[in-house]
Amino acid sequence: GSNSANKGTSTYKYGSITVPAKDGSVCNAPNYIAYEKGFFKQNGIKAKLVANPRDISDLEAGFASGKYDAQNGDFQYLPAIQNGAQIKAAGGIHQGCIKLLVPKNSKINNVKDLRGKTIGIPAQGSTPQYVTSIALQHAGIDPKKDVTWKVYSTDLLAKAAQKGEVDAIGTVDPYAYQAQKQNGFKTIIDNNNASGNAKQAAMGMKKQGSCCYLYISNKLINNDTPKAKAIVKSYQEAAEWINKHPEQTAKIELSKGYVSKTKFINVKNVSEILRTERFHLNLKKGKSDLSYYIQQLKEAGYLKKNTNNKQLLKQAYWNPKMN
Amino acid sequence: MQASGKQERKLLQQHERERKYWKKWSVGWNVFSVVTLVVAYLENALLATRETVDNTYYHWFLIAYIAYLVIVYVVGQVTHGGVRSYSGHFAQLNSSIGILLIVQDLITEKFAIMELPFFVSFAQILQQIHEDAKLLWESTLSSLGLWAISFVVGTLIGVVLGLLMGRYRQFNYWAFPYLKVIGIIPAAAWMPLTMVIFPTSYLAEIFLIAFSVWFPVAFMTIGGVQGISKDYFESAKTLGFSEAQIVRKIVIPGALPSIFIGIFTAMGLSFTMLVISEMIGAKVGLGWYINWAKGVGNYTQVYAAIVIMALLFSIIFAIFSKVQARLLRWRENGN
Amino acid sequence: MQASGKQERKLLQQHERERKYWKKWSVGWNVFSVVTLVVAYLENALLATRETVDNTYYHWFLIAYIAYLVIVYVVGQVTHGGVRSYSGHFAQLNSSIGILLIVQDLITEKFAIMELPFFVSFAQILQQIHEDAKLLWESTLSSLGLWAISFVVGTLIGVVLGLLMGRYRQFNYWAFPYLKVIGIIPAAAWMPLTMVIFPTSYLAEIFLIAFSVWFPVAFMTIGGVQGISKDYFESAKTLGFSEAQIVRKIVIPGALPSIFIGIFTAMGLSFTMLVISEMIGAKVGLGWYINWAKGVGNYTQVYAAIVIMALLFSIIFAIFSKVQARLLRWRENGN
Amino acid sequence: MSLLEVNNVNRVLTDNNGAQVNVLQNINFDVQQSEFVSLIGPSGCGKTTLLRLISGLDRPEGGTVKVKDELVTKPDASRGYVFQHGSLFPWETIRDNIAAGLRVTQGRHFDKQLVDRYIALMGLQGFESAFPHQVSGGMAQRAALARSIIMHPELLLLDEPMGALDAFTRADIQNVIYRVWQQTKTTMILVTHDIDEAVYLSQRIIVMTPRPGQIKQIVTNPLPYPRQRTSDDFLKFRQTIQDLLDFGSHDQLVTDSKEKAK
Amino acid sequence: MSLLEVNNVNRVLTDNNGAQVNVLQNINFDVQQSEFVSLIGPSGCGKTTLLRLISGLDRPEGGTVKVKDELVTKPDASRGYVFQHGSLFPWETIRDNIAAGLRVTQGRHFDKQLVDRYIALMGLQGFESAFPHQVSGGMAQRAALARSIIMHPELLLLDEPMGALDAFTRADIQNVIYRVWQQTKTTMILVTHDIDEAVYLSQRIIVMTPRPGQIKQIVTNPLPYPRQRTSDDFLKFRQTIQDLLDFGSHDQLVTDSKEKAK
């Protein structure tokens, strides 16, 4: 704990929560910071950070059985929520970290060139697949028919592209950032459109669209709303802090062992990634983003054809009504 | 007692059957097993369902099952051959399956004691299989192909290494310490390396599955070779066998029982690795399908894939058992 | 021949040693193995390194290795006990390790023929282990604890089920078909269900690992029990043994050799499952560490964890082998 | 009252071809307390089958087996059984094997002195902590005898306990059995192929016919103990039994019925 | 020229206690073409050891074994060896077992008629496609004999091929061996414990002493073939051998040296 942590009440008003966060990823920063900078503690929560199974169904089971309480994750959970996952998003937490990349000397220059190509993704139903699909739809390409998806674990995607097994890869930071910087991969799609790039916008990449969301288990929302709110508040404060102190955040991530150091994963690069992601718990925009994605995913065929957008949004989103 | 005549072979088969199918033919159990399945049908058809599900495919399944039972029972009643032994033996087990079907239907669909999404009824799984039939069929073929290649490769490597280590202690000295350590490296750790080493990800997948197979097979083979009585080797030598002939005529058949144990043990593991390996570069496949279903939290799909895998496994297991029984028929107790 | 006297036991031990450590004591090989390691040291120290690495720990490792070899060789030279047999036997293997160390150093660090991040030198792994010493230590302890509990639970369940299925054919009839199918369900498919079923994620982790253990153990145990000569059962009956005594005095010891085979086979698998299961709810652990390191593609850490796991595995393997040799000393060929 | 009464015993088994075979037909005999009786007959005639019925390991299809007027229904420690290969438990030391039965009846605190006495009686000193595979076949067979005899059975059933031993060791074990019988007066039934052995040891010899196993004749052995194998009387009585067994001509290669039947 | 010459053969082995033991000391004898010689001696005296040296499975520490004036260095098909338990390959049928050696020397197109002839000669018709565990011990032993004899070895070494059989089956196999010897005139060396057997079959009997194994005496059997086991001459000669073996008193329980030595 740091100084600010000691300012909070010594007893934990809301008891403890378990957060599956320790997976070594950079953009899980709000979890680490809320913990390390004492935001959880200040809000009366004793948090326990544990391994992150990454696999949605495992996460879902953890939430449903009360083993996990909160997490920041991608909008890829929408189909899972439609399938009955007992979690809700409570606002976007940062902007894009997802990109579609092609190797240095690839002939692919824009989304239209992707027709008939093979695209590597970390998993079927992963956010990179969804982001790419949205862009493909905007370019008039059917993501289910006109391209081939191939699955590789995240750390091997760049390698697969270099070996020519796939033509493009949908991937996430810091892998995406590293592939760009070290191997000269070119960006075709970037869901981080903070700058309001028109070309990206044409592909359906919203300006300031949230990429990751804060998720809280339904159990908690329904049975202990104040506690859920306290969680929201902790993340809110943590996000603001990160946005203000990307460098310090990077230092904490690397020195406290949340993110493993490598030659590339150093303070400079990590703070750069954090800076571009613009951390901020955006409650209102989060809802509209989610609504947008529901529509897009439905069109792309990842949600059921008969999806009632409004109902799914209600099922997937919780407005904590923070004052 | 064995004799050359056809007649006697037939009697021998009957005796073998009696050893294997020891539960006596019983009209009572036969009827009961059909009754449980009819009850399963009625219960499902008549009770109100709490969950959204199309029970048509479940009904067809039950009807097919009942029809199958009725046919084998009628055949068993009028004949005295294998069908009678087989169906008589499994009547009780069939009854238990009928009861299980009723119970699972009640606690999921009917009373929702165990709920969606984690617990689904068998009817829902069948519905899912029907919905995804084409994808599942492709996936099954693709996985089966991948598995078969990998399993053969892994078994061959395991057998060859096992034979070498079992027979030549110099080879054992050099290879065993390294192989032992390599053998425990978890697949997850292998994945990056295999990607780099193998030119295509299909080869990498084959490697990962084969890798899970060769270790138990080699391990058992070593033991099998070392367990062969040295009398056989000496007999062979006094009959003028060369080393190659000894390996072919003594070492391999002598180690075969152990090799089979290794193969059976490796089977379960190879299915686990199939799911893991299809995470690199697969476009389709049962493992891919499971991972995909897990990615969108559709457990019904996960279970659908498992049902198919279980079926596949049972078939493969049965085939291997048959092959084993045939190749090891020289053993006293058959298997 | 066995006798009660201490003297004779000692001679017996020596004989046993000769069976196991059959490579003769050879000054040549001893010197050669030390030389290879010295060369490995010099090569590393003198040649320019292409990659950023702190070779200090590698040097310490080599020095310790050399010191160890020199000590056991000196002891072996002047005594005639176990040390001599052991170190004489393994001199050649040690030489091969020395050569391997030189080769890997050259192709990674020195000439970068195989490059980062997928290929790292042993020196880099040691450096990583030193850097993460505390975390790795905690992880090792945590994983060891989890593994030990799970392995014991899995083995017990496997042995009990195996004994029941092997001894009681009614039990076998009812349990085997179901267990066979359950046994192949891939862990990945189990994970969500275990999370839902078990109250804590630690229990879920235990389940996943134990699950990978019980199948091979049960499978082998069945075979072991069925392989016990019925003479022993009949002798026991004519001596007035009750069923419980038969199980304790005949079934268990008679199946023990097979149970050990099952345990050894399950070990590799259980390590794989350790890595997978630590993805749910672990705060620390070797499997968690591997997954964590893969979060940014830090393969050096992955390999560091593997080196530790391999070491752990070797130690556990050695302990199990000792226990096995002790418990099965009644067998003709010792193991 | 006889110790053992075998009345009209029949045993019908399904052979490997699925056919019903009368293995034993109408077997009748009694054995008196402390008597030594041998069962002799060609291979496959049902000697083992009969012994198993007496021990209670199997039940007859017809007739009764009674010991002290009680029907035998299952094996117990009062009827010892020594198998051809001894069937010592390979995972227990010689001492533990010998004590195995005592441990069951007397529990943890069984009579250890008794075990020591039997170890000495059988000449097994120095091998107490050896495992069965570490001792010779003769010693293993002595230990197997000790394991049964130590239980002080009413009746000791010996199924060719020397069949797998070489001629010299066989003679040694025969003497062990003789000595034990002399000392303990345990009633014994010995199944054997070896006419010498039967003549050397037993008071009565039951000669059986090939399948279906029936009793051909029960011969009382007139020779006084201790017997001399090389005495003329011995050789003459031996010849009587040999003739009874109709151990015919050796001049042709026969695949005889006993082998076809196995 | 003798077929087999054993000259000053010594065999030194390390026993389980790590001590050096002279198992065979200074063994000298010759065997002529077509001769039938038996080796008899107490258990552990080194009979098997000697036979293994002759076959080439082991090499002596001192002395030479020569067949047709050539030093024996490794086993080959010209010296057949039949083990006590036959050692038929359990995974091959009786027919394939008998043909095993032929397949090696003659390849895939071995003389199938020859195999049939031997199956008939051994009385194994009807059991050609049975596996070893499906036939009786006697039949298995006949098949093992056939497997060796079919190779027309110069010298057939028989290591107690009847030791594990019952008395009746044993007599049957003895006749098989006798008949084969009569018909093929193959030189045979038979190791046995059974004095009857040695006397019944062999022209000369080599009697060995207990450890260290030495030749006590080589006795020529004066009896003409075919021999009658019950003839007086037979019994008398049997007694001669028995005396030579000094098969002493049975009045005490001895843990004799052979058993300690095992």
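Letters A, B, C, D and E mark the chains in the order given here, with residues in each chain numbered from 1 onward.
Basically, contacts are C-beta pairs under 8 Å (C-beta built on N, C-alpha and C of every residue); 3 or more make two chains touch, one makes a residue touch a chain.
What you see is a predicted model; the values in this text were computed from it and never measured.
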Most distant chain from subunit D by Cα centroid
A
Remotest chain, subunit E as reference, centres from CA atoms
A
Roughly how many whole angstrom separate the Cα centroids of subunit B and subunit E?
49
Rounded to a whole Å, what is the gap between the Cα centroids of subunit A and subunit C?
39
Report, in whole Å, the distance between the mean C-alpha point of subunit D and the mean C-alpha point of subunit E.
30
Give, as an integer number of Å, the spacing between the C-alpha centres of subunit D and subunit A.
82
Within subunit C, the set of residues that touch 2 or more other chains is 1, 188, 192-193, 196, 291, 294, 297
Please list all residues of subunit E that touch 2 or more other chains.
126, 135, 262
For subunit A, what residues touch not just one other chain but two or more?
55, 57-58, 60-61, 64, 153, 155
Subunit E partner, complex, touching residues on subunit B are 1-4, 229, 231-232, 234-242, 245, 249-250, 253-254, 256, 329-332
If we count contacts the way the header does, which residues on subunit E are in touch with subunit D in the complex?
42-43, 121-126, 135-136, 138-139, 160, 163-164, 166-169, 171-172, 174-176, 179, 193-195, 226, 230, 235, 239, 242, 247, 250-251, 253-256, 258-259, 262
Spell out the residues on subunit D that touch subunit C in their complex, using ranges where they run on.
55, 57, 74-77, 79-81, 83, 85, 87, 89-93, 100-101, 104-105, 126-135, 147-148, 151
In the complex, the residues of subunit A that touch subunit B are 55-58, 60-61, 64, 76-77, 79-81, 83-85, 123-126, 148-153, 155-156, 159-160, 163, 165, 302
Help me check something: in the complex, which residues belonging to subunit C touch subunit A?
52, 116-117, 135, 188, 191-193, 195-196, 200-201, 278-283, 285, 288, 291-298, 300-301
